[in-house]
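Common to both upcoming complexes is chain A, partnered first by chain B, then by chain C.
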Partner chain A sequence: MNAIIVSALLGVVMMFSGIFTTNKTIIKNIATAGVLFLLAANLMEMNNLFSFNINTHDLIVTQRYGLFFNCIAYGATFIYLVLSGTDITEVGVNVAEYFALIFFVLCGVAILSSFNGLLMLFIGVEILSIPLYILTGSDKRNLKSNEASLKYFLMGSFSTGVMLMGIALMYGATGNFGMVHSNGLRGVVSATQQPPFLLVAGIVLLFASMSFKVSAAPFHFWTPDVYDGAPSVFTSFMSTIVKAAGMLAFIRVFENQYTILGPTWHIIVDFAIVTTLLVGNITAVFQQSVKRMLAYSSIAQAGFMLFALYANNTEIAKEGILLYAAAYSSATISIFAVLIKLQDYTLDGFNGLAKKEPVLAFAATVSLLSLSGIPLTAGFFAKYYVLAGALQAGGALWLIIVAVLLAAVSVYYYFRVIQAMYFKEGDPQTLPISGGFKAALIVVAAFIVILGVWPSALLSWLYF
Partner chain B sequence: MPIQYYIYLCLALFSIGIVGVLTRRNAIIVFMCIELMLNAVNLLLVAFSKVHNTAALAADKTSMLGIEAQLFVFFIMVVAAAEVSVGLAIIVMMYRNVHSVDINFLNRLKN
Partner chain C sequence: MIPVLLLFIPLVAGILGFFIKDQKAASNWAIVASVITLLTAVIGIYAMPASMHQFEATWLPSIGASFSVALDGMSKMLVLLTAISMPLILIATRNNNYSNPGAFYALMSLAQVGLMGVFVSMDALLFYFFWELALIPVYFLSSIWGGEKRIAVTFKFFIYTFIGSLLMLVGILIAYLHTKDQSFAWSSFTNTDLTSGEETLPFFLFFIAFAIKMPIFPLHTWQPDAYEQAPTATTMVLSGVMVKMGLFAVIRWVLPLFPFAANQFEMPIIILSVVGMIYASLIAMQQDDIKRLIAYSSIAHIGLMAAAIFAGGTLGLQGVQVQMFNHGINVIGLWILANAIENTLGTRKLSELGGLATKAPTMAILFVVLAFANIALPLTNAFIGEFLLFNGLFQYNIWIAAAAGVSIILGAVYTLQMVQKVLFGEVSAVTTNATEINAYSKWVLIVIVVAVIALGVYPQPLIDLTKDSVNALLVIK
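And now, the complex of A and B:
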């Protein structure tokens, strides 16, 4: 509850700070302090020190798991603001509003990690999405940004309509908006009885629209265009924190409902996982622009995160999705922070970066290794946990083999960037780079390696 | 009236909305079709609410069961209004740059 209230208030504070000062550095620092405050408020609730006690009539139920996810998301946002905060202030003139919108998105994250019922799911998803439509189009003079924003908006509201139709049909069948729990379900459908048609249709529509939100195939078409067109700083935010929160909501909403569909459920999820992995990895191989390659790679990573959905309710998969959120967010934020500093986003723009800016090249290398899941980086254990969860759930051996093979494909396109940086000659043009930025990059890289050697450093926080 | 009539009506409205989104080229009309989809859902929710409430009233004269869908409708309206404000702003922004609201314009990123 703390996180929801504090993040919404901080959004308002940021809007007002835009009235009182136009100094970009001050606004950035207020936002960074705000995220730390938000993190502290969330930690207080997690450790039962202080929390707003509001009767939400069970619409919102905070659990340690969700609060822990909040911590990861806010920690990632803090890293994001430290690394790319200055670049956010360069996007346009209304600097304070960008930070305000980021805080509103964080409010959506908090709702999605604690919703209990389809009403709050819907509201959380919308609070998460609507600020993003604006952030995508925040580079107002740039036609690509305009186009990305309009495309994202139209497709996003379309999928909202589909989601609402799903919710309405489920409501028609069950008579309430609570999430259908496997034991609560018996009131509606007995184990042997065929589930009502409306319920099944509703769940399928809900699945489709949630797949859209996390850009899982076959609903991924918006992703490359939007990620490519949006200002790079906001692509970084969208493809990490927002996507992880969407994935968590996806998993939470289907946690107990999948039993309704019976064996059909596995057909649907298998299809989603395989197509997402195939589309993401195979298409990423052919990209020349690194930004676009990262957009496809984020589809591929969503495919891996879907394994946590497959492995419903297994402990290891639940831990895995947290680890995945942390590993994937930190790696992607750091590679995007490097990318933003470059003038040329194509692969050739990275040529010779290691000679000119060794620290940037090193941090990018660690992030890319983590994204491709090389051992000793956080990405390895993230992938390992979700796949182990799927294995524990059973019946998924061929799926895991496909995933591992496609992870090998992903090594190819990630290593092409490393190869360009270290083994090719060139003179990359970069924006001015401060010493603090380099230090922060090193810290994030160290974090990725520590998490890769010792994942329980993060996960043990979940239990005590 | 049987609930089926409402379901058919709402699905018809919803499908008209989907077909409109997929076939029309004018951003404003696409947007209106999305609103049509949302309103079809509103109608369906209210109809279901009535059904569930009537069923609950038969058992208990003071029952409030089944009214939460009507609350949901208000939430949908508010969110739809927020979406309208953001969406129209985006369309205006695009119009200022290209002097058109034709979504065939959306092909610059395709490569």
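And now, the complex of A and C:
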């Protein structure tokens, strides 16, 4: 409960901070301190030290798992603000609002990690999404940013409609919003009976709209344009923390409901995984812009995260999605932070970066290695855990083999950036880079490597 | 404790090496570290009690992976090879200049960590880690300091091996889910509840990864290009030690894990290996570039070892281990010569060379001895190895042994052709200003040549080193 309340309050605080000061640095520092405070509040609840006690009639149920996810999300946000906070203040004039919106998104994250019913899921998704429509269009004078924002808003509203429709149908079938039964809504109807058509139709619609939110194929079409058009700092935020939260909600909502679909469930998830992996990986190969490549790569990574959905309740997959969230977020935030410092987003813009800015190139390399899942980086264990979870859940082997072969494809496009930085000559133009920025990048890279050698460093917090 | 030191010393040397800017200092640093590693390995293997040969620490207890390393019979030979090769390689190429030398030597040391780790790991996940760790430094070494086509060629090599690794990872997962105690330990992996039919899939997932690394025909296409384009010091690591990773991994991680499948598919694999031998030998005969010639000759030699592994039998398996060591140091010797010729004359083309024996007699003698070793003439170390290999193949199937024998004859043809074109005949325009080989390379070559002859006359030490491991393996099988 702490996280929801504190993040909403901090959002309001940030909104009004713009009245008292116009100094961008101060606003940025307030926001960074705010995230730390939020993290601390969340940790307090996790360790049973202090929490707001509000009777939500079981609409919100906080569990250690969800709180731990909050910690990862807020930790990642902290890294994000440290690395890219200054660049956020450069996007436009309404600096305080950007941070306020980020806190509202974080409030949505907290709801998605603790909702206990379809209604709260809907509210969480909306609180998460609406600030993003604004942030996407925050570069007001840039046509691409406006286009992306409008596109995102229209498509997002449509998917929201679909989700609401699904929830309504499910409610109509069962008279229940809840996930109170251990079998989810399946438990509401008699176990032997065929589930009513309305319930099945509702859950399929819900699946489609959640796929849209995590940009899983075939509902991914908005992703490249929106990620490419939005200001890079916000793309970084959207494609990491927000996406991980969406994925967590996706998994949580289907954790108990998937039995409604019976054997069809696996056909649907198989299809979603394969198409997402194929679309993301294959299209990313052909991109010339690194930013757009990262957009497709985020689709591809969503495909891997869907394996945790596939594995349903397996313990290792549940740990896996947390690890994936941490690994993927830290790597992507770091590579975006480097990207933002470059004037030229094309692959050629990275040429010769290793000579000019060895620290940036090194940090970007560690991140890219992690994204491609090379051992010794966090990305390896992230992929390992979700795949092991899928196998343990009796997953089809062909699916796993398709996934690892496509992971090999992903090496192709990630390594092209490494090749540009280290093996090609060039003189990349960069924005001024501070020593603190470099130090922060090194810390993130070290974090990625530590997680890659010893994932228990993070995961063991889940249990005590 | 010894295996931990063998990983730790080059790791520290590598990490610190990045900060050295000066060419000579970086080179000295790496050489000193590699010599210390060598001493540790030799003292550890011969003078320390067996209790020092193992180390185990918890790593990821929740999934059953541990940091478990050991110097057992199977790994001793290759640990020794890795430890000996590094100083030889670094000293022989000491006169080569590199831009950003600190990073070059640091990456060489890190590659050594990966190699050592592959050989000493007794835990499948740890093994997988080191398997990849050996690859990454080589990728950077070849892509930064390699020849003209380095980026594309090295990338091909990387993708090839990475696909193999990922398939192996799936294989590891399958085997892991069938272990009785949910553990990655080698002892658990050799004792899974996979039925003979279920073994097939993980067997191939593992085997493809190793076949790419060796490489076995038709998965060899990355190799000649990669050898040609990599900087010579890296090529030496690649062909001297790294290809042995594939052979070693089959002995350690395939035969004991999937005995039924290995038995079932041994015939097609042996035939592929022998086809590869003959194919590579025929191509080697057509080569004009010394580096490519050695690369193809290497494919032929590895093919023979792969065939002998699957043919099985005590002598054959012992032969493989002995031959892995011998081939390692012999091929490094040949690369040193190729490097020397390229550095002094600026070409590697056989058609442009000739009459080098009159200009550089010392080099010529060393060249001839190593060429003889490459054809496995008696009194050279390769003879005893190939003899054991052929013995194994012969007992398995006489026709296959005969076919493999053809490639030995072809081997003599192309090796002697090379000797003739480089050393004898008219002095060509290029070779008129040839000079004698530099002192570093010369002394390394002398060491190698002495080893070639000494181990050719008295191979018992090598055979002793492998005996208990082969017996252990046959018991499991």
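The criterion applied here is as follows: the second predicted complex is superposed on the first by the 452 of 464 C-alpha atoms of A that agree within 3 Å, B and C clash if a C-alpha of one lies under 4 Å from a C-alpha of the other, contacts with A are read in each partner's own complex, and residues count from 1 in each chain.
Note that contacts are C-beta pairs under 8 Å (C-beta built on N, C-alpha and C of every residue); 3 or more make two chains touch, one makes a residue touch a chain.
Note that this is a predicted model, so its numbers are computed, not measured.
Between chain B and chain C, B touches the greater number of residues of chain A. By the document's definition of touching, neither partner reaches A:Thr430: not chain B, not chain C. Once the two complexes are laid over each other on the shared chain, residue contacts for A:Leu376 go to chain C alone; chain B is not touched. Legend: residue contacts after superposition of the two complexes on their common chain; A:Val404 is shown touching chain C, with no touch to chain B. In the superposition on chain A, A:Tyr384 makes contact with chain C only, while chain B stays out of contact range. In the overlay built on the shared chain, the residue A:Phe122 is in contact with chain B alone; chain C does not reach it.
Of the two partner chains placed by superposition, only chain B is touched by A:Asp225; chain C is not. When the two structures are aligned on the shared chain, A:Tyr422 is found in touch with chain C, with no touch to chain B.
Touch criterion met: A:Ile316 reaches chain C, while chain B stays clear of it.
Chain A meets chain B in the complex at residues 119, 122-123, 126, 130, 133-134, 137, 140-141, 143-144, 146-151, 153-154, 157-158, 160-162, 164-165, 167-169, 171-172, 175-177, 224-225, 228-229. Chain contact summary for the complex, chain C toward chain A: residues 59-63, 128-129, 132-133, 136, 140, 143-144, 150-151, 155, 158-159, 162-163, 166-167, 169-170, 173-174, 176-177, 201.
Residues of chain A touching chain C in their complex: 316, 369, 374-376, 384, 387-388, 391-392, 397, 400-401, 404-405, 407-408, 411-412, 415, 419, 422-424, 454-456, 459-460.
The touching residues of chain B, counted against chain A in their complex, run 3, 7, 10, 14, 17, 21, 27, 30-31, 34, 37-38, 40-41, 44-45, 48, 51-52, 65-66, 68-69, 71-72, 75-76, 79, 82-83, 86-87, 89-91, 93-94, 97-98, 103, 105-106, 108-110.
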